[in-house]
């Protein structure tokens, strides 16, 4: 394939120049540049997955290392994420928890085998325990079992519940608001889930009648 | 005389493991799954692919009507035993670091005259990709039990490792995933699928030392390139070129980290 | 012609354990392709094994047997050097015969 061929000789030339030119190994910055170039030239568009998905924003680039970003950078990422939050229309935070459970079970969407325009799942059980009945859950994220109950939510309409409600919405919308290098996808900010879907997840987590809070 | 019991026997075997009482503790479920896998391992259909690969190595084909006896996988032309656990590595004739499939591609094109596109643009499981799957199954089988020992003596091999490491931690796509998001912490799992920590040696027969593998759920032999391809698909990344530089670099990173791990490839997977 | 079976036969005391791996799609006939059309049934219907030419068992399979099926059975009185022959026939009329020597 043409692209790969140019890539391979390009990398080889760049590498040999680096190696020939310096008695010591390339600097970290030079390696970063080489790695970025390798990544950018090794992928192609397929289905709905285009190469522009490799363009990183600060929240991604600063978290692309085995070392965490500096406090200052982390702070900036969190502030920008906080500012990106869009609250739901009409202040309606809640929906249908049964639909929320189905959404949490659904891991589809956004891949190159998904049809354009098809709705995304929440992917939630991949990483979280949620309801008691579902034993097939991941552990990359904390358990959400009894999420609302543990936070003392007995009435979602109560004024005292509002801070937790807003925290939860923010976490779903853009988790980087609270953790700069969060592993959780930014469901609202990137447009993976729409408001209705997020409201259903809010009910799954916070409605006292939800299976999560039994 | 009907022997319906045979069918029932096969189903029962699978059934016992799968329908065992599932406690809320996932360890019991994980143990059950491990037992089921151990049962499947005897009679691994990867064996069928190994047989094909062994035949293909000796078969004269392509426009140049040549077999693979002159193919150098890193230990000299025609030498297969021990090569799997030392790949990716740097090759003098191509002046680049290559993984097993990239190297087989070189041999198929230069020795046999097969068009690169016939391999790189073919769907997994079909045509020349099916041949590639046979070859990687057999070649990896010839190193079964041997320990991962990738060379890091050549400057380009060291470079490949550094690029692979950066690619491993690269966050991207709609979901902000990187390889590291799943594979850099001990004891993580997605649903009930354990995720090996690939930033270090995850142990014998795990991770890099377990692929290629026969995937029971799709009834196909998955090469390392296919395994990486599907990782990127689920990471919501765009499509990685077959045997592209990023895939080779990732192989170097994982393979060097797995130094000392015994290979069980081709293994059997869910 | 279908891919060959992999047969291993090993003596274990007064019998031999035979392990057979067959290469076959074993399509149930219940699946549909991307376009919605049924993928036709294609599966092994009959399996038989012989020890030194004498039939030792016969099985009739259906679509519930998995792709690339693995089968294991014991043959009483089999000794090293004996011949084990396995034959399968599928619903399309295709057939495969393979042989192994007990070791």
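Note that the chains are named A, B and C in the order they appear, and that numbering of residues resets to 1 at the start of each chain.
The definition used in the following text is that a residue touches a chain if its C-beta (ideal position, glycine included) is under 8 Å from a C-beta of that chain, and two chains touch if they have at least 3 such contacts.
Only a predicted model underlies this, so the values are computations on that prediction, with no experimental measurement involved.
Colleague: Measuring between Cα centroids, what's the chain most distant from chain A?
Modeller: Farthest from chain A by mean C-alpha position: C.
Colleague: Which chain's mean C-alpha position is nearest the mean C-alpha position of the whole protein set?
Modeller: When every chain is reduced to its C-alpha mean, the one closest to the whole-protein mean is B.
Colleague: Calculate how many whole Å lie between the centre of chain B and the centre of chain C, each centre taken as the average of the chain's C-alpha atoms.
Modeller: 28
Colleague: Roughly how many whole angstrom separate the Cα centroids of chain A and chain C?
Modeller: 48
Colleague: What are the residues of chain C that contact at least two other chains?
Modeller: In chain C, nothing touches at least two other chains.
Colleague: Over in the complex, which chain C residues touch chain B? Could you list them?
Modeller: Interface residues on the chain C side: 3-4, 6, 19, 21, 23, 25, 57-62, 64-72.
Colleague: Using the touch definition from the top, list the residues of chain B that touch chain C in their complex.
Modeller: 1-4, 6-7, 10-11, 42-43, 45, 47-48, 51-52, 216, 219
Colleague: Tell me, which parts of chain A touch chain B in their complex?
Modeller: 1, 3-4, 7-8, 11-12, 15, 18-19, 25-26, 31-32, 34-36, 38-39, 41-46, 49-51, 53-54, 56, 59-61, 63-66, 110-113, 123, 125-127, 132, 135-140, 182-183, 185-186, 190, 192
Colleague: Using the touch rule from the top, collect the residues of chain B that touch chain A in their complex.
Modeller: Chain B reaches chain A through residues 22, 24, 26, 29, 95-96, 116-117, 120-121, 155-156, 158-159, 162-163, 165-167, 169-178, 180-182, 184, 187-192, 199, 232-234, 236-247, 249.
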